[in-house]
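One chain, chain A, links the two complexes that follow: it is found with chain B in the first and with chain C in the second.
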Partner chain A sequence: MLLQLAWRNIWRNPRRTILILAAVTIAVWSMVFSSALMRGIADQMVRNGIATLTGHIQIHQQGFRDDPSAAMHMKNPTELKQTLQDHLPPGALFSARVRTNAVASNARHSGGVTLVGIDPDREKKLSFVSSSIISGNYLDAEDPYGIIIGTSLMNSLKTRVGNKLVVMAQDTRQKMSSRAFRITGEYRAELEATEKEFVFITLPAAQNLLKMDEALSEICIVLPDREKVRETAAALARILPKDHEILAWQEMLPLVTATLRLYESIIYLWYLVAFTAMAFGLVNTFLMAVLERIREFGLLRALGMKSRWIIQGVMTESFFLLVIGIALGNALGAISVIGLSHTGIDLSVFAGGTQYWGLPKIIYPVLLASDAILVNGIVLVLGLLVSGYPALKASHFTPVEAMAHT
Partner chain B sequence: MCIVECENVRKIYRKGTQEVVALDGVSLKIKKGEFLALAGPSGSGKTTLFNVLGGLDRVDEGCVILDGDELNQLTDSRLAELRLRKIGIIFQSFNLIPVLSALENVEFVMLLQGIPPAERNRKAKELLGDVGLGGLYARRPAELSGGQQQRVAVARALAGNPAIVLADEPTANLDSQTGARLLALMKEMNQTRKVTFIFSTHDRMVMEYASRLVHIKDGRIRDE
Partner chain C sequence: MSLYSYMAWRNIWRNPRRSLLTMGAIAFATVILIFMLSLQFGNYSTIIDSVVKMRTGHLQVQATGYQENRDIHLAVADPSQVAATLDRAPEVSGFTFRAHAFALVSSDNRSYGTVVTGISDRELTTSSLARTISEGRFLTEDEGAQALVGNILAKNLRVKPGDEVALLGQGLDGSVAATIVTVRGILSSGQDQFDRVSFYIPLPYFQELFGMGEAVHEIVVIAERLEDVAGLKQRLEEEVAGDTGRALRVLDWKELSPGLLEAITLDLMTGFLFYIVLIVVVAFSISNTFIMAIFERKKELGLMLALGSRPARLTGILFLEYGMLTTLGLAAGILIGCLVTLYFGAYGIQIPGMAEMARHYGVPERVFPQLSFLSVGIGSGLVVGISLCTSLIPVWKVRRLRPVPAMAEG
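Then we have the complex of A and B:
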């Protein structure tokens, strides 16, 4: 009956109740939605970063990161691959690469690039290249002269698919080595910088050009579960020879990692703002509701209700409102997240600006249970806490004062 | 045997430098089963005395003993407990909780006392029947007439099995006929249930019902 009493009290002034509910609902919705948006952006950024060649884990010769040259290679690839085969969790993919700085040129133009030799079949499964071809074809493993370049580079070299492109790079003996390739495909990447930087040829072609024999510069690993990356990297570090460097994506993409942290703090700041606005509305309207009912609280006290019970009663009312508001806010949040999860929010209109911030072109909001629980917890617990003030107020009227009140 | 004993009670209201002596040495003994009327002009201290007897307010001097407890010695929480268990209160108006039905209003006190649902439902229905509101269980206070509301208040005051029922001008907002009927009801309850009643009034006709009449003026008991 006390619950019934609280429930009916809520609906004594439906307009006011709806106002409070709207405030709680909007606050919860905005928190849920903004965190889903943030997760979406973060997820997309990480995914893009990972798909653009980074992968989850990379293995190099120690020193390769400071000097990414052909000389910094891993000499026993067969053994290495076997170790990975034996120790990576089921479902993990890896691909071997050769990677070095090079110059790409045709008759009139030239530009600095990163030359990447890939195993076309293996690479297909773990990075963006094969799925980003917009004209021509993906690399053919049997074609030692095929090369794939990005749209941006294509434009700056004023060339097109089918044309010749000369690639020049320093080989393992520190000598310049060059070879002519034919552009077989053009790819588009999320970031213009990527398109400008990377050109792809087959792994044997690169090993041949750089006189590396079977040696590799890089192994890229993608795990079935992103959460297991650090654990797996640590395990590999224990098994592999000490002259190998094992890097997790968080270390390879420091900018992304830092941006994610920034976004996270922005979200918490937003929680604070949204909650504060809601809390003010809540306390104010509740205070009004309590002051209107002074005589009634006096009556309850006169009947022998202890102040503790009065506090409980008012808190119960606030609890009902918060729970309903939270439920509505979550429902609204879920609907908007689900509604946008297929189409996404297209930011390509602002592509120039978003690239500057490292934002993806299309954001797909991702609602994590942990975020939703956090938001609900914050609103419920702190909401109850702030409604303690009007509740205390209600319990402080002495019956005589209250009954004299008109 | 005395249910209530007041000894030399003084209650002084202070407003700034002004002092109003609302009760000026009131001594009164009320026996179990009495049906006592407190009569006096406006401002004589009737409400103040009820508040003091009902544990709603504290005295400045003297002592009030209710069913063996000295009220001034009790903490606020114990006082609330005492109001809940030993006192039934009827005010002049605004007696009922607006969002609860007549039946629920009567049940409410028993709920606070921790009486199980089935029993309090049965007892509340019986009480509403006794005050002549058998068919109106589900009505909200706003859907009842003033007289009916006061009858619900009587039922509610009796619901907790109190040692004493205090009714401060229960008829003030009723026409004289309805008022007389309410008093007749209270008297009947007093006799059938052996509950002590104290009520205040300045209506002569209402005073007729009293088995004992106490006059109060300027905060002093004048005569009986």
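Then we have the complex of A and C:
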């Protein structure tokens, strides 16, 4: 009875109801969609960061992060690999690397780079390199003279695939060691900074150049589930020797972590702003609806209706309105997210801008259940709360003054 | 006050609660827009300022092609000629010379490849470099073999002021350029990407080491004001670039940090998308008030028509009402918006996650919104625009109002 009454009441003035519905719908849509966009950007940044050699977890010799040199290496790789094999969850991948600062040069040009020795087959499964080759070939495990460099570096060194490149780095005995490589492939990365920084050779070639024997600088782990990273890292820290440092991606990508936090703050601030803008309309509409029905409320009171029921009635009307608006807003949000899920939003027109902020070139919105629940909860609960004001107003008319009102 | 504005004024206060809520919505939108725009504009000028002061300057004179290739051979052979022109220009607040070369930098047990920059004493009048010294002191031209090192590079090399560092590079003529310099000071700009690579030595020493003669790579110019840059650039292009037969080129900060302007455009556009959504929500929120003002007064409006008021007159009164509502809401919004902005402009804002981002982009960790005519103007302009659009619907309705049915309906 109360429900039917409320339902009829909101459609008494369809124009007004539709206007306020539009306000609620747009507000909810904007909350859903903007959080999906920001989560999409953040998710893409994390993925790119992780694929750009970071992985989910890395293991180094203690101190490697402050001093990334060949001298900071892990001496027992076989033992380490065995431990990982035994303790990592099924489906986890790991790859061993040698990494150090180096100078890459040809006859006329030179530049500072990070030299990475990789196991081509294992690396293929967990980082971006193999899938980003745009000319030439990926590293061949059997080729001790092959090197892969990024497009940006290639341009600044004015060289091309097939040319010679000399790499010079400090070995474990603090001596400068150098060797000529042949560029076998060129890769393209999401960020130019990456292309400029990393050059790749095979693991044995790097160990040989730096006189490291079998030692490694880094082990990179990718887990089947990103949520389990902290847990697994903590477990590894308990098992592995104390002179090993175990880092999760959150610590290795501080800028991405900071961006995630910043976006989270922006999402919540936006919820607040969009809701407040909508709330003004909501309160106003219900106030109007209540005030023009003063006589009616007075009559109901005179007939013996308790003021609690009147409040309930008005709140039910508000509830219907909010639920319809939320449903429409969610539907619109879902449609926009799904509609963009294949094509994404292409920002390559602003390539310079996306490079500067470290943003992905194409944004795919990601709708998180937690965001959707939060949006719906906020709008419904706070929406009901603010419509409590007109509802209270309605219940306070005494029958006589209300019926005297014209 | 004329009769009509009096009527409009009385009409607004017929239902004070509703009018106040409507004004509240308008004021709210105005406050948010003014504050957010001030925040964005404030941020942009901080970023531009830090990039300009720290690195590129407002303008640079370079050999054509140097910007793209960073080739040591592409140098400005006779900087004194350009300097003479710059000395004459009143808009120039300061200028300096820089030269760059790639070199291997080694301490006792660590080596890193980096770009070595030669700086002159003029740097003090041009950039904020001297202010980033965290240990030791700034270098001077006449002291020769000494260096300033970024704090991360210094940590990686394991050196501190007083230690010696070996430099190994390739001179202009292809010969080996090798020397040993003493670390004079450590630089901490707060920007990791900068502190990881910076290595400065005095310019005359650089020129001797790399066999550059008098040549430099960049003549960095700071203008008195950002607005002077475009005019100054044009003048320099005519005088300097023209004289040398296009061997020299003048670049402004937008060309020197490609991406910076696009980054700002991107950020601004994203901001505007949010603002438009906000305004649309507010428009729907207030449109009810505007429409109701007609519907609940149909009888009264019908009567006025019957008594001989022309529809244009009624439209006028309605417009006045909306105008008053908007103006009052806007005035309150501008007032509160300015106060809020000024408050945070003085104390700064800290948003979670912002500090690390700021470090990366080399801006202060607190964000300071900057109140300007532009932010207030754009903010209020958007609100007035949307309020006008919303008020057109009911006004159009009045035109179709006929006296008899209108009076019968109410």
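Points worth noting:
Here, the second predicted complex is superposed on the first by the 406 of 406 C-alpha atoms of A that agree within 3 Å, B and C clash if a C-alpha of one lies under 4 Å from a C-alpha of the other, contacts with A are read in each partner's own complex, and residues count from 1 in each chain.
Going forward, a residue touches a chain if its C-beta (ideal position, glycine included) is under 8 Å from a C-beta of that chain, and two chains touch if they have at least 3 such contacts.
All of these numbers come straight from a predicted model, not from anything done at the bench.
Of the two partner chains placed by the overlay, only chain C lies in contact with A:M278; chain B stays clear of it. Legend: residue contacts after superposition of the two complexes on their common chain; A:S69 is shown touching chain C, with no touch to chain B.
Considering which of chain B and chain C touches more of chain A, the answer is C. With both structures placed on the common chain, the touch criterion links A:E296 to chain B but leaves chain C unconnected. Of the two partner chains, chain C is the only one that A:L287 touches; chain B does not reach it. Residue contacts after overlaying the shared chain place A:A258 against chain C, while chain B stays out of touching range.
Of the two partner chains, chain B is the only one touched by A:M305; chain C is not. Once chain A of one complex is fitted onto chain A of the other, the partner contacts of A:P399 are limited to chain B, with no touch recorded for chain C. When the two complexes are superposed on chain A, none of the residues of chain A touches both chain B and chain C. Only residues 15, 17-18, 21-22, 24-25, 28-29, 32, 69-71, 102, 104, 106, 109-115, 155-156, 158, 170, 197, 258-267, 274, 277-278, 280-282, 284-289, 291-292, 295-296, 351-357, 360 of chain C touch chain A when the two sit together in their complex. Taken in their complex, chain A has these residues touching chain C: 15-16, 19-20, 22-23, 26-27, 30, 34, 66-69, 71, 101-103, 108-113, 156, 158, 168-170, 174, 176, 254-255, 257-266, 270, 273-274, 276-278, 280-285, 287-288, 291-292, 347, 350-357, 359. Across the interface of their complex, chain A is touched by residues 51, 54, 56-57, 76-77, 80-85, 87, 89, 91, 94-95, 97-100, 104, 107-109, 111-112, 160 of chain B. Across the interface of their complex, chain B is touched by residues 1-2, 4-5, 8-9, 12, 295-296, 299-307, 309, 398-400, 403 of chain A.
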